[in-house]
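Two complexes come next, and they have one chain in common, subunit A, joined by subunit B in the first and subunit C in the second.
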Partner chain A sequence: MTSKSNSNLVFVSLGSLLVFLGLWELLCRMGFIEPLFMPSPTQIIARAVKMLDDGSLVQHTLASTRRVMVGFVVSSLVAIPFGIFLGSSRFFMAVFDPFISLLRPLPSMSWIPLSLLWLGITETQKYSIVFMGSFAPSLLYIIEATKSIDPLLVRAARNLGASNLDVMREVILPGSLPQIIAGLKVMLGIAWTCIISAELVAAREGLGFMIMNGKEYFQTDTVLLGMVMISITVMIIDVLFRKFERRLLPWTRQ
Partner chain B sequence: MKSTKAFLASAVLMMASWLMFTGVSQAEETGAPEKITVVYGGSSWLGHYPVWVGIEKGIFQKHGLGVLFQNFYASSGRMGSLVAGDLDIASTGSISAIALMASGSKGFMTFATQDSYATVEGLIARQNIKTIADLKGKKVAAPFASSAHVLILDLLEQNSLDPDKDLTLINLKVNEMPAAMASGEIDACAAWTPHFNNLLNMPGNHLLADDTAFSLYKQYGLGPGPDIMVVRREFAEKYPNTCKAFVKGYFEAVDLLIRNPKECAEVLVKLTNLGMEEQMSVLKDIQWIPGAEQRALMVEPGKFTEGMQRLAEFLVKHRQIDAAPVVKEWVAADMMP
Partner chain C sequence: MDTPVTPSAETPRNGIMENAAPKISVKGVTKVFSSKRGEVTALKDLSLDIRDGEFLVIVGASGCGKSTLLNLVAGFDSATHGEVLLDGRPVTGITPECGMIFQQYALFPWKTVQENVEFGLKMKRMPRSERKERAAKFIDLVGLNGFEKTYPHHLSGGMKQRVSIARSLANNPQVMLLDEPFAALDAMTRQVLQEQLVRIYEKHRKTIIFITHSIDEALLLSSRIVVMTARPGRIAQEITNDLPHPRNADVQLSDRYLELKRHIWSSVQAEVLKSMEVETR
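Moving on to the complex of A and B:
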């Protein structure tokens, strides 16, 4: 696909967004939609300007970003080596499989009562909610990425005299890394879905707190602004992640 | 044959229409409720006691009404459901009502304030904290966007303390406070009954201030989040007789609470899961406001409505809402006894 057709598609996407926003604004101004249930785009922008002016929007965004990134990074640092290890060993995979299967379907919100008992109302409790929400899915992704390495490559390496450590370092890790990184990008989005749960208890800042507080005061524009900020923040982090991916995996560049 | 059948069918149809029309007219003439089921939003909070008593004692039934009691944990959820059309009538804390008024919603009206309580909500602290000024540098918890939160903001303001700079104000649900106090994670907290009573009974805790210390209480007899009765506007306009019957039954239940709290406590324990002794203790601290006093409080001279207006301005000052609504625009005088 040429760069010209790529730019055309970008214009199409932008255009469709503008048409949608225009229609939404028109329906609100004509009174078809009540502001309590769905405020207009200009109302949301006005709320954003007000919160930027008093600094609270940046404060909330940074607080949530910190909580998500800490929880996600710790979760990844544990999941990557553990997932590669389990993906390389059928025996240990069988040992841990029942526990992973139990953890996997649990939503992050279900961890709130236990996390409060174990960690109290500290910031660590919030990091732990993000950790628990993203750990099991990340682990499974990494296990699958490791298992997908062609066994012929492993056998070839061993035939050439490679030790287990060499096989891990020279075959499994570089082979599975692109898929692991791709999976982590998806998991980062999942980590962000945990932020509402994480900020339900003892939070006085954060986008999740902002959304719930806005709900209590029927400030639907604040609720929608919080949701939009989560999306924008994830998009920015995604762009940065892709740059990091290109640097880390230069051989995957097309 | 065909024409006979057609004639009979038409006659039956006409008869049914006539009966329906006269039935409706009779309802309008005699004042019988147009709609016999009212969906009410409540919880185990004391503001809902009259409705529960009215249901359990058959008072609403006597007025031709069935009342369906729907439980909601928070006032905000209850108010949201009311304007969305899932509830017809509810009692709510005035913070939520004022917030909804401030959002511009005209989908509801208020027609009564049923209770006054000042000693079942307050700020509880560890023994080493003797005054509000001692809260400086400490961790204080309250459920944000609630009457307890407003109480703390007011007490701090009275003592020239900044909630953003002089201490750490933590957003915590009332049922999570006992564990946080016990573990030492917080130094003080604001809560309402029954959690207020539980926290006060914990060793090492004492009462720092209750609602009587609230600045508007001294002038208006108003706590930081008094209860009010609200009705969905569309429901009130469409079913005026039903609303009248509900209001009659409601204040008969209030009268019973005033006259015979013990009889009411026997049915209230099913709602609150409190023991009889504890239930009687809670009832003892509530001042019920009968129907005859509503108009004076809410319309003319309207001291309660004026107090709500001051409360709205307080919320604006503390950046909880953007602008103060004109509260009296939401008062439904024609629904009052």
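Moving on to the complex of A and C:
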């Protein structure tokens, strides 16, 4: 019963999307909308076919995805152990707190000028923007996650002979992993806004570059195609991330 | 009352060496907790010796400092005055020699039953195959065969506590500290686990300190019972439990059992009333 009504709801969603696209197409064809400001769905699809043909669409999408992934993975790999360490040491938390507090409010955009000055229009510069945009908030998520651990479990582990390092590795890390992953999911979205803004400002490839370049040549269909590609890519990565999450946390499965 | 209970100092201890040095020695321990609302003395000048292989049950009203005492023995906390000795050496930190069993089980939810039981062995860097073998032995001892790969949230409370007992035993502590371990379980499960614990005690002869507020539980399990006073906690009474084993239904209906129960209740009751007065004041 529920599954049937669920699949019906999928058709409702699909239907509403098709109606929307149909209306949009119709308004364009009837001349109510100027194609320069808003090209029709078929124009965008035609652009997509053309860019798939010459390989540029795949190239831009992969370039942005790669930059997000490298920046995000490096930032997470540093933030997870560092966050767990800070979460279990009040002394070092106090040492690093002022810097984290100063870094956290800075939007990744504000790092673009400095990063261009230091690194030029390079891949490393793109990675660094993603890193700077996601590191401090990730770190705070992880420190917060370590606080959700039941202190009784830490006691039990110590009572069974666990050292400080054992407690971090065997109790705090796995115990806060569900919250860490929830936080990283949000951070992955933020990493995408980082990379698109970096590419809008200065890049030679990537979806942000594609959008900016489309605007320069008054190819509004390229601009919209770039935006649609961002949505689709983020959606696909989100699904993959969820699969990965389920594999990583078998004990939370009911 | 016609002296139904002999003071422990004069009682012969069933099978336990009288002159041997105590396994655990609590010497003049005072514990004061400071908070914003002022200081609370949880324990005051408490002294207690526990002999090797003894099953000591501590009974007392809630808030009498029973758990505080256990935490001091386990090394989770340190005394404000006085000291706790384990085999004659002062307890200065958390020691795996004193395995703790918590009322809330404290199992690691991300580890399977087997991984939980293996935890202490993993901390000792025991090789995987050896760990597995040893864990299997203790999972078997508590009757949880077939649940090795199960995660704790699929287990009932009674099963969780059995995992916790197996986890502690696998680590082979000299002393087992149990902090109201069966308080959260239903009556039937509690009875099964009590019997299981007695069997484990008889087989492994650990020194056990067991905290409860159930007098029946104390009488069923203990070789000696200590009644604690209301806050600040001190020892109100010590009773050697000379009830015969196994302590089955017949024993539980015997005159001696009822006599001991009445005796303990009269002193616990006085303490409960005292602690209620403190709270309402």
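Everything below uses one rule, namely that the second predicted complex is superposed on the first by the 245 of 254 C-alpha atoms of A that agree within 3 Å, B and C clash if a C-alpha of one lies under 4 Å from a C-alpha of the other, contacts with A are read in each partner's own complex, and residues count from 1 in each chain.
Note that in this section a residue touches a chain if its C-beta (ideal position, glycine included) is under 8 Å from a C-beta of that chain, and two chains touch if they have at least 3 such contacts.
None of the values given here were measured: they were computed from a predicted structure.
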Partner chain(s) touched by A:158 [first = subunit B, second = subunit C, both, neither]: second
Contacts of A:95 with subunit B and subunit C, given as first, second, both or neither: neither
Touched partner set for A:170, first subunit B, second subunit C, both or neither: second
Which of subunit B and subunit C A:10 touches, first, second, both or neither: neither
Touching partner for A:19 - first (subunit B), second (subunit C), both, neither: neither
Touched partner set for A:36, first subunit B, second subunit C, both or neither: first
Partner chain(s) touched by A:52 [first = subunit B, second = subunit C, both, neither]: neither
Common interface residues of subunit A - those touching subunit B in one complex and subunit C in the other: none
Interfacial residue positions of subunit A with respect to subunit B in the complex: 34-37, 116-117, 120-122, 201-204, 209, 213, 215-220
Interfacial residue positions of subunit A with respect to subunit C in the complex: 150, 152-153, 155-163, 166, 170-171, 174-175, 177, 249-251
Contact footprint of subunit A on subunit B as seen in their complex: 74, 76, 79-80, 83-84, 96, 99-100, 102-105, 107, 141, 144-145, 169-173, 176, 179-180, 183, 185-186, 320-322
Subunit A partner contacts - residues on subunit C that touch it in the complex: 74, 76, 94, 96, 98-100, 102, 104, 106-111, 119-120, 122-124, 151, 153, 167-168, 171
